[in-house]
Every structure is written in C-alpha cells, then in structure tokens.
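In the two complexes below, chain A is the common chain; its partner is chain B in one and chain C in the other.
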Partner chain A sequence: MPENRYEKAPRPGQGHYVAAPEDVKVGVVDAVSTDEAPSSMWREAWREMSHRPLFWVSVAMILVVIVVALVPGLFTSQLPRQGCSLANSLLPPSGEHFFGTDKNGCDIYTRTLFGAKASVLVGLLTTAFVVVIGTVIGAVAGYYGGWLDTILSRLTDIFFAVPFVLAAIVILSIVPSRSALAVALVLASFGWTTIARITRGAVLSVKNNEFVTASKALGMSRAAILWRHVLPNSAAPIIVYSTVALGTFIVAEATLTFLGIGLDPSTVSWGGDLSAGRSSIRTNAEIMFYPAAALAFTVLGFIMLGDVVRDALDPKARKR
Partner chain B sequence: MTTTITLTDGSTEDAPVPAEKRDDSSPLLDIKDLRISFTTATGTVEAVRGVDLTVYPGQSVAIVGESGSGKSTTAHAIIDLLPGTGKVTGGSITFGGRELVGLKRREVEDLRGREIGLVPQDPMSNLNPVWRIGTQIDEALVANGFQGSKAERTARVAELLGEAGLPDAARRARQFPHEFSGGMRQRALIAIGLASRPKLLIADEPTSALDVTVQKKILDHLEGLTAELGTAVLFITHDLGLAAERAEHLVVMYKGKVVESGPALQILKDPQHEYTKRLVASAPSLASRRIQSAHARGTEAEDLLAEHADESATAAPDVVVAKDLTKVFHIRGSRPGAHTDFTAVDSIDFALPKGRTLALVGESGSGKSTAANMVLGLLEPTSGTVQFDGKDVATMSAKEQFALRRRVQPVFQNPYGSLDPTYSIFRSIEEPLALHRVGDRKSREKRVRELLDMVSLPQATMRRFPNELSGGQRQRIAIARALALKPEVLVLDEAVSALDVLVQAQILTLLNDLQAELGLSFLFITHDLAVVRQIADLVAVMKDGRIVEHATTDEVFDNPQQEYTRDLLAAIPGASLEIGA
Partner chain C sequence: MLWYLGRRLLQVIPVFIGATLLLYALVFLRPGDPVAALGGERGLPEAVQQQIRAQFHLDQPFFVQYLYFLKGIFTFDLGNTFTGRPVSEVVADALPITFQLAIMALLIETVFGIGFGLFAGLRKGKLFDSTVLVLSLLLIALPTFVTGLVLQIVVGVQLDWLPVTAGRDPDVVSLLMPAVVLATTSFAQILRLTRTSVIENVTADFVRTARAKGLSRGRVVNRHVLRNSLIPVVTFIGVDLGNLMTGSIVTEGIFNINGVGGTLFDAISRGESVTIVTMSTVIVLVYIVANLLVDLLYAVLDPRIRYA
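Up next is the complex of A and B:
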C-alpha cells in the first residue's frame, strides 16, 4: 500500500464535509415502536386482503353460493321436482319460471338453486379430506425424512401417476351408493397428491430454521416441534392451494356427474342438469346455460379468493 | 443538503471533454444532489436524499454505511441498475463530463462494462451455474465490443483470469461455477468486471461473503491490479476499517444522506458527525485495533474491553469440558453403500471456565458450529466426551439430559430465523418456561417482563410479533428466550455476525453486562477475530476440524504461535492502520 496516500492534500470536491447535525438526526439506535397495535403475520395478511376489492367480491360470491346451498327455499317457493309436468316442457322464461323450464317441464331456476348444495357439499368435503390426508403424509415425509420420506414420496408419485378421471370412473362404477360423501371420498383419494407435495416442500424449508433448532435445544420432542412450530409455519401455501382446489373439485364433481358416473341421478346437481340438457343443445341451448353459469360463478369465486389469499400470504409479494 | 466544495470544480464542466485530453485533475465521476425514490404500495419512499460524491481517475473511494443507508442504491444508479420501482428523481451523475441521468437504454448499455465495471456482492448467485466460467467472461468481452477471432477471445479470457489471480487459467476457464470456491468465483467476477478495462470499477461489498483470509488476498490483488491499470474503484462496504484501509476518500452514508465525507484517515482520527463518531467507536475491526495498540502501550482500553471480574482467568472452575471430541459425517455417495467419511471435528479439547467467555474462531468449514452443536446436545459425538460440571453428558439418563437443557441454551446467527414468526414475543419467551413447567401462568408472565427488562426492551414488546422488530431487537428477544430458564452457559453461534456494526456493539455490550450480572459462561462461535478481541477471555482457533491454537485472548493477539493465527490476525480489516491514538 502506498505510504503517502493519506498524506496528499484532498482534491477539489473531496474536502472534509460534515452534515449539519439537524440535517440528519441520529436517533436512538433500534427503538421499538410502542404506539402501533401489534400485528401478527395473519393480521397483516388480513389487512392486506381487506384492502383489495377482489377479496370482497369473491367473498360475496362465495357467501351467495353458500346461503343458496344451505337454504334454497329462501329464494324460491318451489321444490326442484314439484310441479314438473311434461305439459310445461321447454317453456321460455316467464314471471312464473324465471329461467324457463327444462325438457321434463321442471323449473330451471329452482333446480339451479337446489343444485348448489350438492356442488358445495362435494367441494367442501373433498377439500377437507384432501387437506387432512395430504398434510399428514406431506408433513411426515418432509419432517422425518429418511426411509419414511422415500416410501411416502413414492406412494404420492404412484397416486399422482394414476389418471384421475379413469380411476374415478372405475371406482364409482362399483360403489353401491354414489352419495355426495362417496363422490368426495373418491375425489379425495386421488386428489391429495398435490397438497402432500406442497406440504412436504413447505415443511422442508421450515424445519431447518433456527427457531426449530432452538426448540430442540430446549428439549422439546420432535412431534411437538412439528405440531407447534413447523406446521403453523407451513400453513400458508396449504391454505392458498386448498382455496383454489375447492373450485377445481367442484368442477371435477360436475364433470363426473355430467358423464353419468358422479352423483346419483336422483340428486339435483348442476352436473346432472347439464347432462340432461345436452340432448336439446341444438334447439334449446339456454337450458344448459343456467347450471353452467352457476358452476362458473362458484368456481370463479373460489379461484379469485385463492388469488387474493396467495398475494397476501406470499412473503415475497409483501413489503417488509 | 447544502453546497459543497465540489461546485467550484464540477460545475464548470458542461461540455464533454475528449478522453485523451482529460487529465487526473478533473473528476471521473461527479454525483450531485442525487435523489432516488422507490414506489411502494403505501406511497413513495425516498431511499437516497441528496448525495454528493466525487471520484477522480485512478482513485479509490469508499461509501460506508449500514444496511438501508442507500449506499448500494447510489452505486447502482450510476449504471442504471436500480432494482424494481427505483427511479432517479433529482440531481445529476456526470461521468467523464457526460451526464448519465436520463440516458437512453442503449447508451447506458454501451457504458456498462466498457466504461464502468461492476463486481457484485454475492459470488454464489452472480455467475450462471449452467455456463462455463470462460463462456461468461467471453460473453462480457463480446458484449463490450471486443474485436477478435474465437481463438483470440479464448486467449484473452485465460489472460484475464490469470490476471485476476487464478492459476492455471486456461483450464479453469473450461470449468463450471460449482467447481469454484467462493474466493475463486469472486476472482472470476473481478475478471469480468475488468474485462474491458473500464475507467471505473464499482465493487459492491465484493468480499463480505468470503472468509477473512480470502477477503484480504482478493482485496490486495484487486488493489494491485487496479493501480496497475489506472482504474478508479468505488467500494461499497459496511466495514469502516476495510473502507479506510482500501480507499483514500470516504463517504459515510446514513438513512439516504451523506453525513460525513473526506480523507479516510481524517475521518477515522477525527470524526465530526455524531453518527460517524459512533461508527468509529463501534466498528469491531477498529475497536480491536485500538485495544491492541493500547495494550501494546501497557494500558488497557477500559471502555472497549469486557469487564473482567478478576484477572485470574484460570482460577474459575470449568463448566464445560470437551475431551477428544470428534464428529464424523457420512457423505452419501452416488449409489447406496458408497459413502465417504468426512471428519468435521477432529479430536478437539477445550474447557470453558465458569463466568468466562471462550471463543471458538474459524473460517467456514472449520467445524466450529459442529462443535457447538455437540455442546448443545443437538449432535451426538462420534467419539470423545462433553462434560458438564465434571459429568459426561452421554452417560446421563434421558431425564438428566432434559434437565441439562435448562443449563445450556443457544443464540443463533440469523435474527430472521431464530424466532417463530407465528408466535408473539410473549409466547416465544414463555415457551421454554412452559415446556419445563416453571411456575404458573402469572409468574411466567412476570418472568417474561423481567427478561425483557434484562435485554433493555420495553415490556410492551411482548405483545408484538417478530416481523415488527428489527434484526437487533430480534436478537435481543432470542437472548431473552435463551435466558428464560436461567442457564449457566450460553452458546452464541455467530450471534452478532448478521447485525449492523452499531447494533452489534450494543448486543456485545448487553452480553458483557449480562455475563457480569448473572455469572454466565459464553461459548462464542465466530469467524470474526475482531469481535473476539472485544468479548472473549480465551480463544481457540479452529482450522479443518482441529484446534490449532488455544490460549488467552491476550496471548493469541500478542504472541500468535501459529502461521494460520497470524494470517487471521493480519486479515482483520484495518490491521495496517495507525490509529492507536
């Protein structure tokens, strides 16, 4: 190092400059703000979401669907099979039949309202099953690792490799009753793989955090660490995926029912009505429009909600 | 900001001056009243608020500041590489008489690399892992208009790598980044930065990710190389010692403003602004230098040293004793059964006396953290023993081991990873108490308040969540949590390494106070010898899994026995500075 470097007189523009003390205030290093309300990760996510119009739109859509599914009687005085008469077959919309009537002379408006229950029920049940199965398998595989991980991951791969619709057709064609519960179980038994993979990845990234090591150093058991620290910190991607998945399971149920292998024909459902309307698609396409629109409305609600939730929970999208 | 002396010189240059006519007396780079803003969801944030900066040809200038001071933002604005929504909102940047603010994208691209080179911060992520090193340097040559055949370019690439200090450069050029160590990658990045002989090289924390001895070698080499080529260097760094050692002119930034600038030695010896004063007082490299020179004069720098209750460091009984401690990891091979053994810790012995601090010092891969994890009981030793109060931990029953957990607690490096983000501060600190069934809910809350007082945080902090706290505050919480069960030993694994110097100094002071107050023993794991000088009584220097030197701190610093220890000491930035006064 040249010895004389520091001896040279400063050049123009490089003289000793000191900012005025009042210009840059040096505060107490690292003061804690004590005035603001405390805010957890979840509260911040909520604050972020509640400022998004899309959040409220999707919540409103989902609420409408759920209310209709729970008490369709609020919106119509008729029952889906009541007053069906071939004499009323294929009537155009009128004051009595808002959406007109289908081939069997049933009121399409009433049937669309009553169809919500099946879709919502199958969607919620499937999602619940999928979350439980997928989270348990993914968390155990990711957290304990080793041979357990090898076995569970291969198992996930095998289920993932089975063509979903094909498997559903085979199983549903042999089950005695095709109730909402049965359909949900079949959907869930092949739909849990993605959640298992997501959970495994999330758990893997969380389990090497220093707060996990600190808990080990406290003498906490592995199961307790998984339950109290690792799973809560892996919840965000699971929640995001399940919101979107709920929508796709509703579509899957409608698809299977449309193909005639989903819900029993005796259950009023959008998929079933779509299937029934298929025969008159060339002459009265609007019959299929109403259940299809209801289906799209419901699925859109869940997918949009998933989008907002993802934005709010994704740490990369959030400003520190 | 008010006017500076720069105006007398810089403002006269309106017309571009041809390069060959320019001489060393006019600035190469002149930044005036630079303002940079970022647009966020909550509004505009001004990250740089009126910065002035002058660099002359062939000169080295350093911008010093903590994280968030705007130092990197300023440097990146020069070559229009502001991230995200960043925008220059005011002021001017003149380079060789040419205004850079508002240049077209093509014009800036022509400037980058050719006129102004950049050595980025992280050598791990700044090389494309799927391309050979040579290809990436070749790409830089082509992009900057190097005329020549393929063979000529290949020869040039080897020449550049050799120049950056890589032996056997022609063969190295055909290797991939993963075959390079961190230091070698940084050399490759320097080769890229200097490929087209720029007039100015921006070095953004070029060595902060590297071990200290590697850092020193690379900076020495860079200094020689740029002096030879006549390249001006703009260093961006958080380390005042490093800046003062490597640059003649310093610019100290704080919260987007220049608080002080001037000749490096003058700032070190006679800091004027409150912030600079604190920085000079806190920088570990400088502090350790002062302690050392005070020590050499036969006095003690009382204000800087840890409080030693009494000088007889050997008189205290040993709390933790490691005997012949060894850890061998099996590295899985390409096929089952084909594994190799890696000895991370190789039969080391050390003893931690009660109420003292033992520092385990070493570079990455030296086995220091592995040793710490064995003391914490997180790893089982392959052979050898860890004794606690004379009792072998391995022979204890599960119940005794659980009880032992209360007596040894860790504090880790990463302030963002050491607290569960879903737990409130109260729950985080209370967890150890609840787990070990200490007291009832009410007494536990009292203890949490007590602990927060102990680490100098307001009691109201307990209702907050980790994401609301700064790095230093989180580290305080981690310390409070570790202290909850009234342990006798704290294992501090790089506990202050990730913090800004001022915060680091505060935490070190806190640790010193707690040790004096509670009679704690610290096992202090660090790569930074400068910090060791401030806190440790005893030092064990580790290299490749072995302890190469184990003595009191004074002995190690005054009279290092091993070549490696001497290298480490010489590598502390600022070691060559004469600031004993």
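Up next is the complex of A and C:
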C-alpha cells in the first residue's frame, strides 16, 4: 500500500512522482513569511504551555521542591538528627517545632524538609537511567530493524511481563546497600520497558521521512542520522512519558521505603518517616500528615506538568 | 482474526519462560547458602546438608533447577515451605483472597469511575466537572499507601466504622477498606478517561442524529453516548487487572492480608525462595494473561483496528 494515498503513479523513467510545475501552488509558498523564524513544534508547544496557568503552577511547585531538596538549610536552622531527645517525644506544634516532634523527639518540620532530597534524587536518577536504557534499546530496535529488532523487542516483552514493583521488591531484598543510587538502579532495571516501546514506535514512524532519505543521499552515516535526525524528531513522546514517570518513580520509592525495603533506614525520607509514624497511628496520627502532604505535593507537581506537556506536545490529545 | 489469536497466544510462551527464568535467577542466584543457614549457629551435619540439597535439586546446575521448577508449576507440586506446608497449598489459600480483593476493587472503580466521569462529561465546564477534575488529579498524585493510611486513621481509628487491618480469613466487610484503597488511583483514571470520551462523543454526528430523531435525553445518553464512550474504558480495565495484582502487593502489606502479595512479603522477610518465586510467577502469569486479554479486546471492540 502506498504511504500516501494521494500519491500518483511515477512517470516513466522516474522512481518517484514529481509534480508538474502547474500543480505546485506557488501562492502558498509565497504566503510564507521569511521574516519570522520558522515555527518549530517546540516553539508552538512552548507558546501553548506558557499561556496555561496550570503550567506555571506546576513549575512553581517543582521549583519549590527542588530548592528545598538542594538547600534545606535555607528554611531551617536545625538538622534532621540533631537535637532529637526522647524527652521531647511527640510534642505538639510550637514556635520552636512548627510541626511538633516525632516519637524520637526529632523536629518534624526539619525532617520533612530534609526528606525532599531522597525523593527528588531517586526520582531524577531513575528517570535518567530509564530514559537512557529505554531510548537506546527502543531506538536501535526501531532504526536498525531485522533480527536486532526481534531480539530487543522480545527482551522488552519479557521485562515488561514482570511488574516493576514486584521486581523491585525481589531485587531490593537481596541488595546489601540501599542508597539512593542503588534504589534508582533497581527501579530502572525493570522500569525502562515502556520508554523502549514508545521510542521504537516513534523511531519507526520517523525513519522513513524525506529528510532521513535526504541525509542518507548526502552520505551521512546511519549512526549520525539516528542521532542527529531521527532521535530529535522522536523526542516528544519520550519527554511526555518521562515527566509523568518521574512522579511514578517518586511514589514507588516512597512506597518501598514505607514497606521497609526501599532506602536504608538511616536515610531521611518521607517514606521512612511515614513508616516510623505508623507505630503511633492510634495516638498521634497527625505526625504522618506532613511527610504525606510533602510527598503528595511533589508528585502532584510532576503529574500536572506531565498533563500540560502532553496537551502541548501530543497533537492527538490537543483537541480534547 | 483467528490467525492473529494463534500468533498472539504463541508469543506468550517465550515471554512467560523468559520472565520466570529472570525471576528465578534473581531469587536463586542470591549470595549465601540457604541450606547451610538452615541449622542456625551450630550448622547442620554435612550428610544432612547433602540430603537436603539432593531433595531440592540444589546440587544440580542452575538451568536444571529451573526446569524442575517449571515442572513443579505445571504439576502443582512445588515441594514444601520451611515450615513443612506444601507451597501449592499456600498458593491455594492466598489466591482466592487476592481475587476477591481485586474483584471488589474492580467493581468499585468501574461503577464510580464511569458514573462520575459520565456526569462530569455531560456537564463540561460546570462546577461539578471542575471539582471532580481537580479531585481526581489529587487522587492520582496520592500514593496508594498514603490513601491507605488516611483511611485507616479516619475510618478505622477515629470513626471506628471498619476494621483497621484485615488479618486471617478476611470477610467482605474487612476487605472493603483495602478494596477502596486499591481502587482509588484507577478510579480517578477511569473517571478522566470516561469524561474525555463522553465529551468527544456528545458532539459527534451520530448523537446529533439521535437527538434529531426525537429520542429522549436518557435514551440518547444511555444508548449512544455512554456505549460509544466505553471502548477506551473497557480496554483500560483490562490493563488494570494486571496493575491490581501489583497494587495488591502494597495494599496487602499495609492491611496485613494473607493474599498473594502478603504471602510474598512474609516469604521475602523469611528468605523462603520457593514461595517467593511461586508467588511472583502467579503474579506474572495474571499480568501476562491480562495483557493478552487487552490485546484481544482491542481487536474485538474496535473494528477499525485490523490485524493481518
């Protein structure tokens, strides 16, 4: 079946149909202003996003979380494990302890601020790993095709068939040290499949475009074409997915840490504090509110941003 | 279609073998010698260790061990746990509980998700619609275990309406709260999916035709709008069947339920490799079958999708 159903039969002696001069609408070409910079997909996406309040709200939320994660000392003079005293156990909120203290007598406000680092670090690292692994596998499978595609696609199917929370639980139970990097690697080891599938699909739809054929004709190497032309044009769905996935990975880390198999207990994290607060659920449930709210705030920021980015970059969803 | 079905079924086999092999390798290639550790401080005599290794085929090469495991899966004979219970019995105890939990969650999320989504979609831009939209976004952002904690505190402890944890042999009442928790994220997603779909269909030509024919509003909504809006929802529910299995790992951990997820957790804390692998295999199997069902549903429900 022809790619383009309006394509006419090639003229004798020609491999491709070339329009006769009288068929070319010169008026259309003339109407394009050459003064303006050419409008790219990214420019249009930016124009659409910057007009939406939701975009700025989510960006502001994410910025707040990132600043707190980088320099929690800006907002508190205390340290998460300093000044903890059992004599101060479970104090109500006061001028000294804005959110009160937890069971060990640590300041909840300070611990909530310092907990941001673990979540943001694991979320960003996992997303980075997943994008690298998934893009490489998906792009190689989609671009080179053939037996390489068969092998990589089956591999993706196999990893996809193991739910990533299940795999994370099984692997983390045997990992000796559970630092942020280790948890991120474990989450990424089974979390890359969706990006690989998305990338493969995007690359398949891009690789037969005219500009790719043109680059080939100009003598560009296949690897260079993939890197310079195919990948940049397949980036939109990858970016949309990664934004939402970042939120999902933060949730996964917090869940695993809450269940006692995520980050080491010595790491200050929201999941860990929620897990610790659980022992006083019947008496002092309010101490769990702050880490939970911080977690929800962070995830909400990334999910909202993902929503806006999808609307701007995905032309099929744009109509809705 | 039949050709597609056959090919799709055949594809499942290598995926199943690959996925279980992967899990098996993860669990059994872990460092440490489980047999030597069995005796505790004093250790077991060498002869006893040899015997146990032979009984569990631990003296065989890894791949042979895996084949014994596959054989065990298909003959429902997986040996015993450390406490002497047959593993197949543990699975038989756990599966019905998880299935009950998953079905309850599925019912809750479908009924409420489609209901709220339909009403929000029909009143696009009104107060109800915007409220529901914001709330659904919040529900998606809330991790399952946070929702679980909030419900445990409010409904379980403060109001004392439902039991905080489910425990052994849970009945429908004690499973209600876990089911609601398990359903929340998918509920919000079904709601948004239905809403988008309804909004798209309300302005479709066939709905205008139905109105022009003089059909009542209820009939137009039921027969024409809702029915056409459900195609993406039905496929989402299929995908969700697999997600519910994973979600149940977390939910059962929080509510202390002895289903597939809860048993898996206990097994991991005890280092009971056979149970870990078996439970994981059960989850993977449900996941694969659910994905298969979705692909087939696509083909049946949407005639625009053709498979060569």
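Quick note on the criterion: the second predicted complex is superposed on the first by the 279 of 320 C-alpha atoms of A that agree within 3 Å, B and C clash if a C-alpha of one lies under 4 Å from a C-alpha of the other, contacts with A are read in each partner's own complex, and residues count from 1 in each chain.
Convention: a contact is a pair of C-beta atoms (placed from the backbone, for glycine too) under 8 Å apart; a residue touches a chain by one contact, two chains touch by 3 or more.
Since the model is a prediction, treat every value here as computed from it, not as a measurement.
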**Message:** Applying the document's definition of touch, where does A:L274 land relative to chain B and chain C: first, second, both, or neither?
**Reply:** second
**Request:** Applying the touch criterion given at the start, work out whether A:L74 contacts chain B, chain C, both or neither, answering first, second, both or neither.
**Result:** neither
**Request:** For A:A223, decide between first (touching chain B), second (touching chain C), both and neither.
**Result:** neither
**Request:** With the two complexes superposed on chain A, say which partner A:A60 touches: chain B (first), chain C (second), both, or neither.
**Result:** neither
**Prompt:** Thinking of the overlay built on chain A, is A:I151 touched by chain B (first), by chain C (second), by both, or by neither?
**Reply:** neither
**Request:** Scan A:I303 for contacts with chain B and chain C and give back first, second, both or neither.
**Result:** second
**Message:** So chain A touches chain B in one structure and chain C in the other; where do those two contact lists coincide?
**Reply:** 320
**Message:** Taking the touch rule as given, give the residues of chain A at its contact with chain B in the complex, in rising order.
**Reply:** 1, 5-6, 8, 10-21, 23-24, 26, 29-30, 32-34, 36, 38-42, 44, 209-211, 213-220, 229, 232-233, 319-320
**In the complex, chain C residues that touch chain A** = 11, 14-16, 18-19, 22-23, 26-27, 30-31, 137-138, 140-146, 149-150, 152-153, 157, 164, 196, 199-200, 242-243, 245-246, 249-250, 253, 264-265, 268, 276, 280, 283-284, 287-288, 291
**Complex interface listing, chain A residues touching chain C** = 154-155, 157-159, 161-167, 169-171, 173-174, 247, 251, 254-255, 258-259, 261, 274, 278, 281-282, 285, 288, 292, 295-296, 299-300, 303-304, 307, 320
**Item:** Contact footprint of chain A on chain B as seen in their complex
**Value:** 1-2, 4-6, 8-10, 25, 27, 30, 40-42, 52, 54, 56, 223, 245, 248-249, 254-255, 257-267, 272-275, 278, 376-378, 401-402, 405, 408-410, 412-414, 417-422, 424, 431-432, 435-436, 457-458, 460-461, 463-465, 467-470, 472-473, 478, 481-482, 485, 502-503, 506, 576
